Each structure stands twice: as structure tokens, then as C-alpha cells.
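Note that chain A is present in both complexes that follow, paired respectively with chain B and with chain C.
Moving on, here comes the complex of A and B:
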């Protein structure tokens, strides 16, 4: 076999071999985790620091502006932010840009409140603490004290209570969501008279303290599309609402101009951004361990390395085989 | 009439909302509030039109046994089954949208895996395409190849094996050359949107009418 034939065969290798290699490097690191150390960037640290500076008197919006397609990238960052907010007792309004995003919102909340997982939070439904609300106990510390005094105790894996209407509200999806953002700059309750469970927002303590987006301290949009831009156009530019992005890796490059112009306080880009947030939470004692995003970084390391090796091999074969002098190449199967 | 009325609505509405944005007066705010309450309701009717149109197209395909007509069944059955399961079936019969329900089960075990699979296929195709097409054929292509390799390595923990400088270079590429190029593109897009919006508001651009009234 001549040298040209060898390089030619290499360039025209059946692509199923490449698919197999990618499959192997995607699975093996899950079976043999390495847990390589990860440094954090200012883009993610600024979001972490912002939420860490907030408390029960503040409120944030967590927007599930993604569909299941980008679940692997957007969900870990949504979960991390939700956990951090719950840890700091910051009330969280959760919304969705699309009907599928509504399902992701529910799925994310169920993951954080899954009582079988260590480090979970235990939710208390709105109706379950009605008597305390009627008795005027709505401040968080007083509510937890009264709730536990009545014999309620945290399950084994749980690290804290979260009261619906006090610590979180699942607002969900509404059509034409960019107009909903615009409307919420005047009144959240006008757009969402009820939450996803049919509870009236007007009676919720967290809404009474934060009636519109003007009284909200941060909106985080976890997006798998340009939906995140609506928060800048209608939230940031109209009323100066602080915004942070959690976007997929391929989208992340698009939004660096908005960080430099201070239109967003920071962004989590892809799985790496989510993993950095998990590392910050673990380092600062917000969570005992890192989660799915950090585990996934081993896979991403292996896959990136393989792709770089393939690019190098492809170029070596291309030049060594003298194909750069030819115009036509077979495209391979 | 079919052309004039929509043109007037767009012109008046467009100008009104543009002016309103810059007037922090109570009357201006009232117009804004009224609009934001109405618009989602009007938008919801578009959903009815969309579902109606989709149903008609696929119903005809099934009735005529057109090519690949079983796929039309795959569109119509979930289109109607999911709302019925989520909104009409009582919770006692595993209805509703929250877990545990059939709706939730189908969403988590069909919709989520299908969409995630479609997206994850990208990794396989990107790897194959990178091997076949990413060539240092010219000076510019070599710069692109080099910067892409640096950014890819800088984005993952294994890149730190090559020293802390690699991550700094990767971030520098994202924060400066990438930012400059993206801003230039966004300026171009922004001016394009502005020009197109003004053309639509003032009736110069009429393609959106879709041939109505002709």
C-alpha cells in the first residue's frame, strides 16, 4: 500500500468508527470518574457573589427558558442556583418561556426537593401552612420555629424547609412571555393571578414584599435559545433589573459583549459554567458535594481531547498525503 | 380594505408603543398596562389558529392515505392526547400535569429523552465533521484552527495540564477578539432590525400581509 493510499484511507475512514470513539469517551469517564480540579472564572463568580449577598428580604427570578434538548447543560446550573437561593433563604419566583420550559421548571424543583437525595430541601405546600399565615406568622425564622414547635422535623437527607409562597413560587409558563416580562415591570400579580398550583399570588408573603420586577434583586435566565435576550430588552433596559445568564456552551460566546457593557452581571456558559458554580458552592459550604455538572466535566475533557486529536490526525493525513494539492476529495461514508 | 386596515393598525400601534416607551406619565402607563394585558390574550388565539391549521393538514393526509401518512398520526395523537391527559382526565385516574400522572410520565420519559438525544447527536456529528473538514488550508483557517483548539482545551479541566497560561489565553480570546467580532455583528443586526421595523410601521415593507387584498 502506497503512502498516499494509506493517508487517503485514513481520511476516508468510516465515520461510524469516530461515532464509536465518541461513544466510548462519553461513557468511560462516568464509570471511572477522575474529578479533575476546576478553576472558576469571574463571569460565574459574580453571579455567585450576587446571590450570596442576598437574604430573605430580597427576591430573585429563576427563568427556565429552555427545552429538554439542552437539559444536560441548563438543568445543572438551574439546580445549583435554586439550591444556593434556598440556602440563603432568598425567595425564588420561577417562570418558563415555553410550555416545555414549564416541565423543566417542575423537574428542576422536584430534583432539589427529592427527599431520597442528600442535601435536599423539604417543601411545604401553600395550603399546609395556612394556619400560620392566618395567625400572622409570615417571617421566615418565626415560621420555621412555629412549624418545628408543632412537631414537624426535617427528614434524614434534608437540609432545610422551603415554604411555598414564602421561599418559592412556581409561576410557570404564559404565552408571549416577552410581554409577560414587560407586564411584570408594573405588576407580577397582574400577569400571574395564580401560580402553577392554583394558589392566589396576591396572598403570598413573597409577592406582598415584591410586587413587581422593580422590587426584585436579580433575574437569572437559564436559556437554550435567544429567549434570554427578552430579559435584557424588557427587564434590564426598561427598569434596570439586574440580569444574569445561564446559557449553553455554543451560545456563551454571543453574550460576552453584554458582560463588558454591564447589561448582565455574569454568565454561566454550558456545563463548565454550571460546574464552576457547583465548585463555588462546595468551597463555601453551601453544599456538601458537587453534583452532575462537575461529574460531567470528565466526559467533556475526554471528548474535547478526542476531537482535538481527530483534528490533528485529519490535518496530518491531509498534508502528508499531499491532498492539499488536489481539489477533490472523497467525502467518506 | 384588507390591506388598509392592517396597515393602519400596525402604524398606529407601532408609533404609540414607541412613543409610550419614553413617556413616564400615568396615561402612558395605562396604555402600556392595557396593551400588556391584551397582547397575551390575542396571542393565545394564534395558538387556536395554529392547532386548527395543523389538524386540517394532517387530517387530510390521513384521509387521502398520502405518502408517510402514519407520521401524521404521530403528530395528531400526542397533540390532542397530552392536553386531554393534563387538563381533562381527573387526578384520581392519573390525570393532571404534576407527578404522579400519565402526562408527567410521558413528558419525562418520552419528550425529555427524545429531545436530549437529538441534541446529543451533535457531539457525534461535530467530531466527524471536525476530522474531515477542519483543515489548515490557509493562514486564516490556521488562525481559526489554533484559536478553536486553545478555547476547547481551556474550557475543560484537562486543559490545565498544559499550564495556567492556556486558560488565560482561552479566556482572552473569548473576552476580547470574540467580543469585538460579536459586538460588530450585533450592531449590524440591530440596525437591520431597526430599519426593518420602521419600514413595517410606515408601510414600506408589506410582505407580512401575505398577499391579502390583492
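Moving on, here comes the complex of A and C:
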């Protein structure tokens, strides 16, 4: 076999071998974890610091502006932020930009409150603590004390209670969501008279304390599309609402300019952004361990190394085979 | 067998069906692909009816408490005339309403968010007392990079000479660097999606990892 043939065969290798290699390097690190270190970036740290500075008197919006197609990237960051907010007892309004995003919102909340998982939070439905509300017990500490004094105790895996209407509200999907954001700058209740479970928002303590987006401290949009821009256009530019992005890696470069222009306080880009947030939570004692995003980072690194290697090999073959002079390269299979 | 378990098996088998395309296109892949499209559309319609059309339009009309809702209701129904060639023109009215409203509401704020704020950010001082050197360097790269990229897209003058020639050459390099960064992030994103599926297959389905 001549040298040209060798390099030519290398350049025209059946792409299925490459898929197989990617598959192997994507599976092995899960079975044999290395636990490669992960440094954190200021874009993610600023989001973490912002939420960490908030408390029960504040409130945030967590927008599930993605579909199942980007679940792998957007869900871990949504889950991490939700856990952090619950840990800090920051009330969380959850919304969705699309009908499929509504399912993502429910799925994310169910994951954080899954009683079989360590580090979960135990939800208390709105109707279940009605008697305490009627008795005027709506501040968080008083509510937890009264709730536990009545014999309720946390399940084994749980790290805290979250009361519907006090700590969280599942608002869900509404059509033409950019106009919904605009409407919420005046009144959240006007856009969402009821939450996803049919509970009236007007009676919820967290809504009474935060009637519009003007009284909200941060909106995080977890987006798999340009839906995140609606929060800047109708939230940031209209009323100065602080915004943070959690976007897919593909989108990340598009939105870095908005950090530099101070239109967003920070950005989580892809699975790595979520992993950074998990690392920050573990480092600061918010959660006992990291979660799925960090686990995936070994695979991410291994796959990137393989791709770099393949790019180098491709270039070596291209130049060593003299194809840059001869234009002999065939189209790949 | 619980519904959750059935769901996991269905998701796992359809994941494998989609990945079977990597070997070659096959009927199983096509079935999975069509089901994704169909189920997504069906789910969206069901959710939209359940959350919006039912409680906000149909229920009040049935209860006789919201006759004014007939106006948006009828306007919305006009969309369906797209499927009837003789009266398809009627569908332009709801579209015109949506486009007009969105344009009117969004244009000033969009201009502010996507153009004016970016211009403002590009006019930041390059140097101020006490500014770290790496910030100054970043500002220089940002300003000259923006100008060079803009010169590349200025087609009314030939790209010759120091200003237009060198400027457009620097501009293309800046643009290529941007493409490189985007390509890197895209690779990361695609691998992330694969990681999500492998975590599901090895964890939720096969229980090989936690």
C-alpha cells in the first residue's frame, strides 16, 4: 500500500468507526469514573452569588424555556438552581415558555422532590397547610415550627420542607409568553389567576409579597432557544429586572455579549455550566454531593480529547498525503 | 409492572431506535422519528387545550360569563381557514393582529435590548485609572475586533489599502475565531446530549450507574 493510499484511507475512514469510538469513550468513564477537577467561571459564580445573597423575603423566577430535546443540558442547571433556592428558602415562581416546557417544569420539580433520592426536599401541597394559613402563620420559620409541632417529620432522605404558595409556585405555560412577561411587569396574578394545580395565586403568601416582576429579585431563564431573549427585552429593558441565563452550549457564544453589556448577571453554558453550579453548591455546603452534570464531565473531557485527536489525525493525513496540493480527497462516507 | 417502568423501557428502546441511524437509516429509526414529531404536536395541543383553551375560553363561554371572549375565539378560529383555499385569506386577520401587536409592543424594547445596549457596551472606556491590564487588553480586542468585523461587511469600497484591506483581513480572522468558539461549544453541546442519553440508559434503564 502506497503512502498516499494509506493517508487517503485514513481520511475516508467509515464514519461509523468514529461513532463507535465516541460511544466507547462516552460509556467507559461512567463505569470507571476518574473525577477530573472542574474549575468555576465568573459567569456561573455571579449567578450562584446572587442567589446565595437572597433569602425568604426575596423571590426569583425560574423559567423552563426548553423542550425535551435539550433536557440533558438545561435540566441539570434548572435542578441545581431550584435546590439552591430551596436551601436558601427563596420563593421560586416557575414558568414555561412552551407546552413541552410545562412538562419539563413538572419533571424538574418532581426530581428535586423525589423522596427516594438523597438531598431531596419534601413538598407540602397548598391545601395541606390551609389551616396554618387561616391561623395567620405564613412566615417560613413559624410555619415549619408549627408544621413539625403537629407531628410532621422529614422523611429519611429529605433535607427540608417546601410549602406550595410559600416556597414555590408552579405557574406553568401560557401562550405568547413574551406578552405574559410584559403583563407580569404590572401584575403576576393578572396573568396567572391560578397555578398549575388550580390554586388561586391571590391567596398565596409569596404572591402577596411579590405582586409583580418589579418586586422580584432575579429571573433565570433556562433556555434551549432564543426564548431567553424575551426576558431581556420585556423584563430587563422595561423594568430593569435582573436576568441570568442557563443556555445550551450551542447558544452560549451568542449570549456572551449580554454579559459584557451588563444585561444579564451571568450565564450557565451547557452541561459544563450546570456542573460548575453543582461544584459551587457542594463546595459551599448547599448540597452534600454533586449531581448528574458533574458526573458527565469525565465523559465530556474524554470525548473532547478523542475529537481533538481525530482532528489532529485528519490534518496530519491531509498534509502528509499531499492532498492540500492534489485535491484528491474523496467525499467521506 | 408500574407505569414508570413501562415509560423507562419505552424511552430506552426508542433511544436505541434513534441511535440505530448511526449505523444506517432503517424503518425503526423512521418510526421513532415520526412518533417524536407526532407525540410532541399532540402533547402540545392537549396541554394548550387543558391550560388555555378550556379554562380561559370554553369554560367561561359555557358558563355564560365571558361573551367578550367570542372575539378572540373567532379570531383564533380563523387560523383554521388556511386549510380551505376559498376562504384562506381570512387567516391573514389573526396573523396581522399578532404581528401588529408583537411589532408594536416589541420593536422599541427590542431595539433597546439588542442594538442600543450593545452599542453602549462597545463604547465603554478602554482605560480608566486602576483598571487591570487584562481588562484594558480585553477592551482593545473587543473594540478593534468589532470595527474590523464591521469593515469586512462593508461592501461599498474595495477591500484594498491599509484601512479597508488590512481591516477586512483582521475582520475575517476575528469572525473565524468566533466561528471556532461556536464550533467548540457546539461539539460540547452535542456530546452533552449524548451524555444525557447514556446516563439514562446506564442509570435509569440498566441500573449500572447511580
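By our rule, the second predicted complex is superposed on the first by the 331 of 333 C-alpha atoms of A that agree within 3 Å, B and C clash if a C-alpha of one lies under 4 Å from a C-alpha of the other, contacts with A are read in each partner's own complex, and residues count from 1 in each chain.
One rule holds in what follows: a contact is a pair of C-beta atoms (placed from the backbone, for glycine too) under 8 Å apart; a residue touches a chain by one contact, two chains touch by 3 or more.
Bear in mind the structure is a predicted one, so any value in this text is a computation, not a measurement.
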item: Which superposed partner A:296 touches (first chain B, second chain C, both, neither); value: second
item: Touched partner set for A:175, first chain B, second chain C, both or neither; value: both
item: Which of chain B and chain C A:321 touches, first, second, both or neither; value: neither
item: Which superposed partner A:310 touches (first chain B, second chain C, both, neither); value: first
item: Contacts of A:70 with chain B and chain C, given as first, second, both or neither; value: both
item: Chain B versus chain C as contact partner of A:232, first or second or both or neither; value: second
item: First, second, both or neither for A:100, with chain B first and chain C second; value: both
item: Chain B versus chain C as contact partner of A:30, first or second or both or neither; value: second
item: First (chain B), second (chain C), both or neither touched by A:119; value: neither
item: Interface residues of chain A shared between complexes with chain B and chain C; value: 19, 22, 26, 67-72, 100, 103, 174-176, 179, 182, 238, 249, 252-254, 257, 260, 270, 272, 300, 303-304, 307
item: Chain A-facing residues of chain C, complex; value: 22-23, 40, 43-45, 47-48, 51-52, 55, 98, 101-102, 105-106, 109-110, 112-114, 117-118, 120-121, 142, 178, 181-182, 185-189, 191-199, 202, 208-209
item: Touching residues (chain side chain A, partner chain B) in the complex; value: 11, 15, 18-19, 21-23, 26, 36-39, 41, 67-72, 100, 103, 106-107, 110, 174-176, 179-180, 182-183, 186-187, 190-191, 238, 249, 252-254, 256-257, 260, 270, 272, 297-298, 300-308, 310-311, 313-315, 318-319, 324, 331-332
item: Residues on chain B engaged by chain A in the complex (per definition of touch); value: 21, 29, 32-33, 36-37, 39-40, 43-44, 47, 97-99, 104, 107-108, 111-116, 118-120, 123-124, 126-128, 130-132, 134-137, 145, 149, 152-153, 155-160, 164, 167, 171, 174-175, 178-179, 182-183, 186
item: Contact footprint of chain C on chain A as seen in their complex; value: 16, 19, 22, 26-27, 30-31, 67-73, 98-100, 102-103, 172-176, 178-179, 182, 194, 196, 229, 232-234, 236-238, 248-250, 252-254, 257, 260-263, 269-272, 292, 295-296, 299-300, 303-304, 307
